[in-house]
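Structure incoming, see below.
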Amino acid sequence: MNDRFNLSRFSFYRFASPAIFYPLAGKMIPWFIAAAVLFGLAGLYIGMLVAPTDFQQGEGYRIIFIHVPTSWMSMFIYLIMAFWAAIGLAFNTRLSGMMAQALAPTGALMAFLSLWTGALWGKPMWGTWWVWDARLTSELILLFLYIGYMALTAAIDDARRADKAGGILLLVGVVNIPIIYFSVKWWNTLHQGSSVNLTKSAMAEVMLWGMLLMALAFWMYSIAVALTRVRTLILERERHTDWVKAELEGVSK
Amino acid sequence: MIYWNSFGDFLAMGGYGLYVWGSFGLTALVMIIEPIAVARQRKTTITRLKRQLRAESRSHEA
Amino acid sequence: MLNIVFSVIARDLKLAMRRQADIVSALFFFVIVVSLFPLGIGPEPDLLRQLAPGVLWVAALLATMLSLPRMFADDHRDGTLEQLALSPNPLGLIVTGKVIAHWLVSGLPLALIAPILGIQFDLSGDALLVLTGAILLGTPALSGIGAIGAALTLGVRGGGVLLSLLVLPLYIPVLIFGAGAVDATVSGLGGEGHLSLLIAMTFAAIGFAPWASAAALKIALE
Amino acid sequence: MLEADNLECVRGERRLFAGLGFRLEAGELLYLQGRNGAGKTSLLRMLIGLLPPENGEIRWRGELIDEAGEAFRADLCYLGHLNAIKEDLTPLENLLSAARLAGLTLCEDDAIDALEQVGLAGREDLACKYLSQGQKRRVALARLVVDRRPLWILDEPFVALDVAAVDWLAGIISGHLQRGGMAVMTTHQLVAIPAGTVRELRIG
C-alpha cells in the first residue's frame, strides 16, 4: 500500500511524505521544547527582573512581553497555515493539510491570549477592558477566523476533503485579513481619535531584547506543540500503511 | 543588575500586580494545559490505533 | 462566454419566481428585525437616527444569510450541480451567474425596501438615498462572499450554523463601509468615500469569490 | 479513444479497486459490473472528472481529462442516479435549460419531440413535482434522445423503468453506438443492446 511513497523521487515530495517526516519531527520536538524553555527563561529574566520600568506606563507595560509575542504568533501562524494550504491545494501533498490543522488550535490560543492580555493591559492604561481599537478588533476577527476554520475541518468527515475545504477558507481569510484590518482601522479613526500607541515610547534596548527572546520562546513552543499534534494526525490518517503498523508495534515494546 | 528592591515589590508590580500576573498566569496555564492535552490526545490515539490493529490482525488470522 | 452567465441567471430567477414565498419571508424578516429595534431602544428620534445605519445593515446581513444555505444545496440534492460542474463552461462563470441571481432576489429587494424602513428611523432624504445606494452597492459583495461559505459548507453536517460562523467575519468590511456611508451622510461629512470603497469591494468579491466557490464546489462533489 | 490506466480508488478507509484499466473505441459500450459498494459509481465519477483518482490516469482522445478540461466536458454526457431535474420547472423547461447549461443548441420543437418519445406527451407544461418517479426519470432520459455528444456515461439508466421503456432506452443507446458514440454504464440487469460492440468489466 505504501508503494506510492516510492513514486516521489524529488526531495520536496520526499520531505512532504509523512513516513519520512514522522520520525524527523519526533527527533526535532525535544530540541524545540528545550529551546522554548531556554528562551522563555531568558526572556522572563530580562523582561521581569532586569528591565526597568516604563516612565509612562509604570510596571503595567510588562504585559507586552506576552501580549506582543502572542499577537505576532497569532498572525504568523495564520499566515503559515495559509502557506501550507496553498502548497496543499497546488501540489496535493497530504502533509500540508495536516500541518495546517495541527497549527490551528495553537494559533487560536495565541489569538485568545493576545486578546486577554490586551484587555488586562487596556484596563489600567485606558481605564476599560475593551476598546474598539483597530488592532484589538482585527485580533478578535482573527480569532473568529481560526474558530471557523476549526469548525469547518471538524465538520467534514473525509480528511482529505476537510483539508481542501479548510485550505480554501484559509486562503480566502488571508486575502481578507488586510482588508479587514484597514477597514477597521479606518472606521476606528473616523469614530474616535486613535488611542494610545503601544510602541510610542522609544523602547529601551533591554526591553526589546526581552520581547525578542519571549517571541522566540513562543515560536519554539508553537512549533513543538504543532509537531506533536501533526505526528498524532499522521498516525491517525496513515494507520493503514505498513510503516505506521510497524511504528505502533515498536511503541508497545 | 536586578531591578527590584524586594520580592514584595516584584509581586506588586507597582500597583499593576493583578493585571501583570493575570496575563502571565493565564498564559502559563494555557502553555501547561495545551501540551498536556496534546500529549494525552497522542497517547489515547496510539492506544486506540493499537487496539484496532490487534483486532484487525486477529480477524485476519481467524 | 457571457451566454452561460445569462442562462444561469435566467434559470435561477425562474426557479425563485416559482418559490416566491422564500423571497418574501427573507424580506419580511428584514422588516421585522429592523422594526424591533426602536421597541427595544426607545423612541428618541436622535438616538434612532444615530443607530439606523448600523441596525439596517446588520439586519441586511442577517437577511442575506437566511437565503445563503439554499444557494447550492437544492442543486446539490437533485443532481443539477453535477451537471453544472460538467458543463463545458468554466464553473466559475456559472457560479458568477448564481451569485448575480442570488443578489437579484435577496439584495435588490432589501435595497428597495430599506428607504421605507429608514423613515421609521427618522432619516433625512439624503441619508435615505445614500442608504439605498449603499445597500444596492454592498449586497452583491455579500452574495459573493456568501457563495464561498455556502459552497464550503455544502453537504456538511450543521451547515447552516457553520455557514454564519464562516461568513459573518468576512462581512465586516462591507458592514463598516455600508453603515459608514450612511453615518457620514447623517453627520454631514458626505458618504462618497465609503461608497466608492463599497464598489471596489463588490467588484473584488464578484471577480474573486465565484472562483473560490467553484473550487469549494468541486471538493463537495468529490 | 477513452482510455483508463491503472486506476486506484480509495474511499474513506477502504481501497475499492486498484490497477483498473480499459480502452474504449468508437461504437463500443462498456458494462460495469460488480456487487454493491464495489466502486462502480466511484469509477464513473472518476471518468467524468469529478473524483480525482488516487492513482492512474484517464485520457480522452489521448489527452488527460483534467488537461482537456472544457474540450472533454463538451464531449461528455453524464446521467447520474439523481435525475438532475428541477421539481418546480416543467419537463420542457427542464430539458431546455439543461441543454442550454450544457452548451447545446436545442429548439423547442425538438425538445417537445423528445418528451413525446419518452411518453410524456401532454405533460410538457406540468411542474415536475406532480410527476411520478418513473416519469421524472423519463424527463432525465429525454436528454439522451437529443444528445449527440460522443461519450455517454450512464449510472444505472434502466432503474425504475418498465419493460417497454427498457427496450426503448436500449434502442436509444444502440442508435448512439451506431453513430460512432461510446458509452460506459453500470447496471444490475443485463440488457441486450442490439448494436455496437458490448464489453464487460467486473469490479471488486
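Which chain is which? They are A, B, C and D, in the order written, and residues in each are numbered from 1.
Here is the rule we go by: a residue touches a chain if its C-beta (ideal position, glycine included) is under 8 Å from a C-beta of that chain, and two chains touch if they have at least 3 such contacts.
Computed from a predicted structure; not experimentally measured.
Taken together, subunit B and subunit C share the touching chains A.
The greater number of contacting C-beta pairs, out of the two interfaces A-B and C-D, is seen for A-B. Using CA-based centroids throughout, the chain positioned farthest away from subunit A is D.
Centre-to-centre spacing of subunit B and subunit D amounts to 56 Å, using the average Cα coordinate of each chain. The centroid of the Cα atoms in subunit A and the matching centroid in subunit D are 48 Å apart. As a whole-number value, the distance joining the C-alpha centres of subunit A and subunit B reads 16 Å.
For the pair subunit C and subunit D, the distance between mean C-alpha positions equals 37 Å.
Looking at subunit A, no residue sits in touch with two or more other chains. For subunit C, the set of residues touching two or more other chains reads 222.
Against subunit B, in their complex, subunit A makes its touches with residues 48-53, 58-60, 62-63, 66-67, 70, 105-106, 109, 112-113, 116-117, 120-121, 123-124, 221, 224-225, 228-229, 231-232, 235-236, 239, 244-245, 248-249, 251-252.
Chain contact summary for the complex, subunit A toward subunit C: residues 89, 141, 144-145, 147-148, 151-152, 155-156, 161, 164-165, 168-169, 171-173, 175-176, 179-180, 183-184, 186-187, 190. Per the touch definition, subunit C reaches subunit D in the complex via residues 4, 7-8, 10-11, 14-15, 18-19, 77-80, 82-90, 94, 218, 221-222. Residues 1-4, 10, 13-16, 19-20, 22-24, 26-27, 30-31, 34-35, 38-39, 41-42, 45-46, 49-50, 52-53 of subunit B touch subunit A in their complex. Every residue of subunit C that touches subunit A in the complex is listed here, in rising order: 148, 152-153, 156-159, 162, 165-166, 168-170, 172-173, 176-177, 180, 184, 197, 201, 208, 212, 215-216, 219-220, 222.
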